[in-house]
Amino acid sequence: MKFLNIFDPKKKTGKLFEGFILFLIIFSIILMSIETFPSISETHKQLLGRLEHYILIIFGLEYLIRIARSEKKLRYIFSFSGLIDALVIAPLFLTSGADLRILRGYRLLRLVQILKLAKYSSAIRRFQVALSIAKEEILVFLFFAFFILFVAAYGIFHFENSAQPKVFSSILDGLWWAVATLTTVGYGDVYPITAAGKIFTGLILVVGLGVVAVPTGLIASAITKARALETDNQRLSKKT
Amino acid sequence: MKFLNIFDPKKKTGKLFEGFILFLIIFSIILMSIETFPSISETHKQLLGRLEHYILIIFGLEYLIRIARSEKKLRYIFSFSGLIDALVIAPLFLTSGADLRILRGYRLLRLVQILKLAKYSSAIRRFQVALSIAKEEILVFLFFAFFILFVAAYGIFHFENSAQPKVFSSILDGLWWAVATLTTVGYGDVYPITAAGKIFTGLILVVGLGVVAVPTGLIASAITKARALETDNQRLSKKT
Amino acid sequence: MKFLNIFDPKKKTGKLFEGFILFLIIFSIILMSIETFPSISETHKQLLGRLEHYILIIFGLEYLIRIARSEKKLRYIFSFSGLIDALVIAPLFLTSGADLRILRGYRLLRLVQILKLAKYSSAIRRFQVALSIAKEEILVFLFFAFFILFVAAYGIFHFENSAQPKVFSSILDGLWWAVATLTTVGYGDVYPITAAGKIFTGLILVVGLGVVAVPTGLIASAITKARALETDNQRLSKKT
Amino acid sequence: MKFLNIFDPKKKTGKLFEGFILFLIIFSIILMSIETFPSISETHKQLLGRLEHYILIIFGLEYLIRIARSEKKLRYIFSFSGLIDALVIAPLFLTSGADLRILRGYRLLRLVQILKLAKYSSAIRRFQVALSIAKEEILVFLFFAFFILFVAAYGIFHFENSAQPKVFSSILDGLWWAVATLTTVGYGDVYPITAAGKIFTGLILVVGLGVVAVPTGLIASAITKARALETDNQRLSKKT
């Protein structure tokens, strides 16, 4: 089937097709954004809905062609990008009943393809190497982070519940406060007002920041390490 | 005593028992969380209380068996995990008078055991090596951090007390402001309104962030260092 | 033309002239700042405007002399600093119609010249090397950052729109929330109030901080790397 | 003068004296803190004032003895710690007229002595080495940080002044917003409400965080470097 050439990125038709799909991805995301505006009239909304439907059909066709084209069909279908492609076109078959709006969010996943097309594959590989280097540390820190989040949530509930029974009505409010505080976002919708709660906040911040903020530093230093490994490999391959 | 086999992690019964205790730890923490909800009726609260009591009794039995099983009994009792196990079952013997709710917090400490069971012991060891590498720097920075917190607290009180006598009523309010500001949480419940207070805030942030935020970076780079040391040791042991 | 000596930084007259221009840059920025004060009377505003006009004329003369002095005239005109110099004096010829106040902002660009004069050229070169080392990673992370910002914006709009239709009226409000949250600024003007929105915020923070905060760490570690490269080069040049 | 032995840290009397002065420093800082409480009666305030006066007299005596004891008197007087000691006792001679409360702040400087006594001198030296390694970069980044702060302040004033004339009344309000935003504190007392102001905030945060947050990473990585240099020196001294 010569027409499947459009998937061969080495040929001109393939590049044009990739560009067209890229354009549709970005266009469909812009449509998604426009639909959120409250000032849009019902007629325009229907027009947008129809446009989205047509784009999804094109994505669906692309999905079918990709299956037809790939040599190991099952492998593509159950690969990460294959599953994303399937999820993205799911709304085509779920129009009745299910809430389309959540499913629309799937389409954002196609953005990942933009990165695949870009020439930054070496930087992404480096990032994957970095993740595999620091994987264990990041998992341990995430565990500690959840542990500290829970301790913070339970502690602040314990100290503030009697003073602000509506603000800290259960441990869930404490958890929300802990997330906003230990990530240093600090919206200011919930905060301790008792002396005990404030002292507890100070203590948990001293310990907590040293745990919650470390993964960021770990990723950064692991990328540096990954870059160093790459240079070492290049040197070795030059020597031999 | 053959029945003590349940503590031998190499045997199947031991593994099952460890899993059961793990389940109880998580279950008791979920119970703790549920109890904080205000909508729970008195009858349900009593049921939860009784459930917690039974779990504590199992923890108490486990504690006794662990003592019986360990060869150096005193060493276990005064070890870190032994003391945690004792603290956790303390509410069993303190029912009258003392506030049970604070003591319930002790149970969170048992979460640490989950980590022990997990296979991430090498990452934890690396984290301990990192802490011992950066120990001195972290202590020096903590000292400087407390110094800057105090200077910030005294300074903001000095500049804002006359303009906002209720918000900055004493140095303690200044300290609360300093904690929220230098960790960059910034709830927005207390902030300077005078020009002098705002200039002071700007200056203390330039100096303070360079002190309060550094420990996080130190931990991250020390972990990188610890990983490098490990690789060096592995190379050395391979050579010899 | 002997009078062009004022551009020769090796001669005393050249240094004096550079100092004079530097003084005018800072003086004109101070004038810009003073003009923003609402308490300034109309008469003073006119005086400031006239002063600014005279300074621009001097900058214009300097621009002409620089062209006359440079050997490759076109190259200077289209160089980065040449274009800045042209932009800065643009308000002289655009007095009617166009809003002067925006154009005045151009003048801030001349601040860059202060750095050129300073002796920190080696640190700036190191910073440029660091940027070129980490360029790919930073671009990949910026892409991921924009991706996560968009996902966060769409998600929070989806979860909060029905509960707070005025606060989250479109995806733009979601984007504003996402910027304030993922940079951990957290003003507190917009924040989720539904349980689903709060859980979504927690999840997006765990993933998002590991993406949005990493570029900072990358720059810092790349500068360290650039410094190491410099030392290596110095050693190599000493050996030979 | 045998009684000057109290300054010889090798002798028992010297150590006792150092401990006594340390106790007085901490005691005087606690007194400073207590005085800020509004609930303290006039009688207690007078008592605290008298106590502080006595402590200052002891500090004054210590200052005189230190001069008498030191071999190069002028060098001590004009050394950093000598000037601090002089500043601390300054309130003794400035009781009339000048505001004692600001001068009291000087006393915090004596806290630095606590660090000198502690055994963490090697970590402090490492920190000094790190500062000298990263000095140029930190200065360049501080310059850029001030440049970005100014651009942010001028920009936000330009975009928000007409919409919020009271909140952003001059560039100073813009500067206060810029400090609170680029350090990610985000109190929430001032924030943009116009679309243009919000887009500007997003852009300035992308660029600004990469500048304002970098010095922290630089300090952390320079300390790691300083530690490595130390180990290298130790190896070299072992070899020879």
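Labels for the chains are A, B, C and D, by order of writing; each one numbers its residues from 1.
The rule is simple: a residue touches a chain if its C-beta (ideal position, glycine included) is under 8 Å from a C-beta of that chain, and two chains touch if they have at least 3 such contacts.
These figures come from a predicted structure and were not determined experimentally.
Chemist: Have a look at B-C, C-D or A-D and name the one that copies the A-C interface, over half of its contact pairs being the same.
Modeler: C-D
Chemist: Any chance you could check whether A-B or A-D wins on number of contacting C-beta pairs?
Modeler: A-B
Chemist: Roughly how far is subunit A from subunit B, going centre to centre by Cα mean, in whole Å?
Modeler: That gives a centre separation of 29 Å.
Chemist: Please work out the Cα centroid separation of subunit A and subunit D, and write it as a whole number of Å.
Modeler: So the centroids are 41 Å from each other.
Chemist: Give the residues of subunit B touching no fewer than two other chains, as numbers and ranges.
Modeler: 184-188, 216-217, 220-221, 224 - these are the residues of subunit B that touch more than one other chain.
Chemist: Where on subunit B is subunit D touching in the complex?
Modeler: Those residues of subunit B that touch subunit D are 133, 136-137, 139-140, 143, 147, 150-151, 154-155, 157-158, 161, 165, 169-171, 174, 181, 184-188, 191, 195, 198, 201-202, 205-206, 209-210, 213-214, 216-218, 220-222, 224-225.
Chemist: Name, in rising order, each residue of subunit A that touches subunit D in their complex.
Modeler: So the residues of subunit A touching subunit D come out as 184-188, 217, 220.
Chemist: Residue numbers of subunit D touching subunit B in their complex, please.
Modeler: Per the stated touch rule, the residues are 29, 32-33, 36-38, 101-102, 105, 108, 111, 114-115, 118, 120, 122-124, 126-127, 142, 145, 172, 175-176, 179-180, 183-189, 215-217, 219-221, 223-224, 227.
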